[in-house]
Amino acid sequence: MEPDISVSIGKLRLKNPVLCASGCFGYGQEYAELVDLSMLGGIILKGITLKERQGNPMPRIIETPAGMLNSVGLQNMGLSRFLREKLPLLSNIPTAVIANICGETPEEYAAIAKELSDKAGISALEINISCPNVSHGGMSFGQDMMLTFEVVNLVRKQTSLPLIVKLSPNVTDIASIAKAAVDGGADALSLINTLLGMAMDIKTKKPYLANITGGLSGPAVKPVALRMVWEVCKAVSVPVIGQGGIMSWEDSLEFLLVGATAVCIGTANFVNPKAGMEIAQGIKDYMKQHKIIDLRKIRMM
Amino acid sequence: MIQLTAKILEKEEVAPDHYRLALDAPLISKDASPGQFVHVKITSQYMPLLRRPFSIHRITPSGIEILFRVVGTGTRLLSEKRQGDELDIIGPLGHGFKVKENTFTAILVAGGVGVAPLFALAERLRQFTEVRILIGSKTKTGILCLEKFEALGINVQVATDDGSLGIKGVATDLLEDFLATSASPRLPIYGCGPMPMLRILTEIAQLYSSPCQISLETNMACGVGACLGCVTKIVAPNSSSNFEYKRVCVDGPVFDAREILWR
Amino acid sequence: MEPDISVSIGKLRLKNPVLCASGCFGYGQEYAELVDLSMLGGIILKGITLKERQGNPMPRIIETPAGMLNSVGLQNMGLSRFLREKLPLLSNIPTAVIANICGETPEEYAAIAKELSDKAGISALEINISCPNVSHGGMSFGQDMMLTFEVVNLVRKQTSLPLIVKLSPNVTDIASIAKAAVDGGADALSLINTLLGMAMDIKTKKPYLANITGGLSGPAVKPVALRMVWEVCKAVSVPVIGQGGIMSWEDSLEFLLVGATAVCIGTANFVNPKAGMEIAQGIKDYMKQHKIIDLRKIRMM
Amino acid sequence: MIQLTAKILEKEEVAPDHYRLALDAPLISKDASPGQFVHVKITSQYMPLLRRPFSIHRITPSGIEILFRVVGTGTRLLSEKRQGDELDIIGPLGHGFKVKENTFTAILVAGGVGVAPLFALAERLRQFTEVRILIGSKTKTGILCLEKFEALGINVQVATDDGSLGIKGVATDLLEDFLATSASPRLPIYGCGPMPMLRILTEIAQLYSSPCQISLETNMACGVGACLGCVTKIVAPNSSSNFEYKRVCVDGPVFDAREILWR
């Protein structure tokens, strides 16, 4: 008997707990030749903003010990081109598609949310209050309880889609931000976004990234991510989507053990496009082998 | 585009710190065209974490070849692989060189290990046109594939910074000389090499109204257009900033030289 | 001509900018057979508390991707045994010795500082308001501007030794904490201490560390450390001692480039006890090779 | 204690997943005593980052030997090293076994790869006393060094969980049998193996009033007493908690069994 590894994120039912993370899987199509998308629990799209964004100057990425820095800066075509050019393609994706949205003001978040809420092909919204690579909005919302509440609350009023709030790890107390997001109306939380980092090129004596700082992701951040997911799972009762440095099903299991309901695969896609598929399969095999029927039964304590 | 495990069929140190690997990957080579690249996972460990992009140096029925220079940890580890070892590779990726069949002489301009994609291109072009290659490097040990080009019947000219082989100068000096004396106008130019060289190349091409395609290198993560990490500035007259960022991995790596915004 | 690589941290003159970090070099003696201590800019001792501390339960360390977690929990013999058993040995150490102190209350910090201030063998104090592994005091002081100011201010009144304040990276805004420390009277700042992290053993379904969470150090954290050092160097004008993942002179140079006056070598000592020596030499060689006479000249911008 | 680069003189796969390396390190072996360990940097990269501790398995004029089992990334990479490769090692570290010259039979009790330090100890002890070793493992392939002990003239008894070699049972069963029938009281016992085994060993030794030394393993960072990462609970009647944490790397790895607080 195949174990059932479907999970619920608010009203959203995922066939398995493995999502591909925003900004790391494009709009799904990019990887379609390499990955059987139907084997993924879902795909979170690249962040969408109201207006088109050029993104940050190049270079935008540099590798670091067991990790990478990126300063993409939310380059995207903006909401209206997204609706025209990408939305029609989403219905072909054989798994749940979640839109990731980002604004410079709470009102912008709300406007995008409203616009996306009645669109076929989008199963849930992830609001990104944690992007470290933009100068307005982004991470600053996710670093303040009041702002977090305000943004989430405003978006909540505009949408009945499952609402996931993506938290920034660049904070003193992630649990209190998490609670503010839940109070604001989040159906689920997603963390961690990238840690703000930097790298210097000693040859040029300049930062490697044109934007100076960037977001750190990959295996290097996993211990921090896991600790924060654990703290948040203790603090709130909504489902938590864990992420940060997950490369394997074993890594995913660590997040599920501390209480995450699902996981997101980010940087690992770049290393191995089949990571998401393989992790979903790995979790299933693990459950079979250990005769675990319910995914929630594998939590620690 | 496919991800597969390719065995290293041959390994050759073609020059100090320069290696050629022949990879068993018929499923990649069957769809590959010159100027495309493969994205290589060098170890199964997390350092180096990301894949490394390498141009397709040769396309054969049994697979592809890459030619690379050791510049950092990833390429050093790659140079330590042995025949028979396996590599996880994705390819063919990106848009390669556009080839018009009805041109006369095609001029290839390479800086250093920039010859890598130009060899595959030369093998294709020579099927229907005359090909010349101008290769520049710091010193003579950096002039790669010379005999291989000549064996194809391709005219090779060489420039070195120190004059240890060919003229003392750079590859674009050779190009200027050639275009200045050539009777036929608008010969198509294909370039690969360091950015400063490509910039001068572009200027020269413009001067002589030659169509010019160049292959760019930027740091990459995904290699398939998903991460937006590898962008370069492309002239966009309709944009308020006069440019837009395009992805080298899927919109390139080969671009029409006129499209590039040089800072 | 040998370049002069001595640096000043307040009144304290170091022969070179390379210190060994607190908790990673014991009391100096432990490494004396392997390292020429005279080649180090200085040594920062294992954290000292007023009372003896047993420290946290075992296991206390686990390796993570390009890093390690520790939950030592400030095990130490307490101030009075330190004065009796360790202080007399310090005068033999042929480089600057800095005491690292930690308290459960601001008053405890002040008491230890007072006691250590007139003792031969101790050249400066580093106050640790950033230890993530203790339940009282420690990191919580370093996560709050007011508390930071209060602790530093109280200690300042008790000592005329150069006062270094060691900051926690587990905060939303490191620059404001840095400013509070300077306002309180810090002569220099030292950062980053470890990032709070966690790792799960999927075999036992329990955390690897008995204390559940621990401090992440090593190459993995370097991008975060460098970013924070850069932020702090922009915000304050006192010398900054950069640390977090430094393994080589090249890494050190990155910190010096963003504005650090000196660097601390922590985890690298475990990997290569000669790291500190080799890094000091590496910086010297670099300066010679690039004909740099003044270390401050290598800053970026 | 010294840090040096030691060449691998010999490499042997002594059993599936078990390897013996002989290292060229006379400067370590000259000061080494049984029960001490070396701290090995397996790669020059950052993964695995930390050194790995291994007991000194043999002390020879030319260096030392280690015997290890592949359990994770570090030991796997170590098992892939070849003769002639070099390792950065620090040693000898820690306090080894205390040896009294005027004892009669010494009883060594090993669980699995716990034979590693006991072989060096046996070589030392047999110079002045009779030595017996009791080795336990899951199955016969895990019984290591049997012939080597016998070649030293040492009496070996074996226990396996599945009875595939020796008695069906564990090494401590052999010990109980032996002590129960032995005429001489208080024979010194030396043990190395998994914690549960060492705990039972300690109880048996107490029952028979035998002095007992055991070698412990805990995760280590520095290996020299600086980081306080490797501690274990040691009985301390004067402490309010009845125990204190001592460092396995310098206060051990060999402890008097009575000192250990078993939780």
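Which chain is which? They are A, B, C and D, in the order written, and residues in each are numbered from 1.
Just so it is clear, a residue touches a chain if its C-beta (ideal position, glycine included) is under 8 Å from a C-beta of that chain, and two chains touch if they have at least 3 such contacts.
All figures in this text were calculated on a predicted structure; none of them were measured in a lab.
Student: Any chains in contact with both chain B and chain C?
Tutor: Joint contacts, listed by label: A, D.
Student: So, what's the distance in Å between the C-alpha centres of chain D and chain C?
Tutor: Here the centre of chain D sits 35 Å away from the centre of chain C.
Student: Approximately how many whole Å separate the CA-defined centres of chain B and chain D?
Tutor: Measuring from centre to centre gives 56 Å for this pair.
Student: Going by the contact rule already set, what residues in chain C reach two or more other chains?
Tutor: Touching at least two other chains: 65-67, 218-219.
Student: In chain D, what residues contact two or more other chains?
Tutor: Only 46-47 qualify.
Student: Answer with line, ring, star, complete or other to describe the graph linking chains that touch.
Tutor: complete
Student: Would you mind writing out the residues of chain C in touch with chain A in their complex?
Tutor: Listed in rising order, the residues of chain C that touch chain A are 64-67, 69, 143, 170-173, 195-200, 202, 205-207, 212-214, 216, 218-224, 226-227, 230, 245, 250, 253-254, 257-258, 298, 300.
Student: In the complex of these two chains, what residues of chain D are touching chain B?
Tutor: By the definition above, chain D touches chain B via 45-47.
Student: Contact residues on chain C for chain D in the complex?
Tutor: Going through chain C, the ones touching chain D are 23-26, 30-31, 33-34, 46, 54-55, 58-63, 65-68, 70, 72, 75, 218-219, 247, 267, 269-274.
Student: So in the complex, the part of chain D that touches chain C is made up of which residues?
Tutor: Listed in rising order, the residues are 1-3, 41, 46-51, 88, 90, 218-233, 239, 241, 244-245, 250.
Student: List the residues on chain C that touch chain B in their complex, please.
Tutor: 65-66
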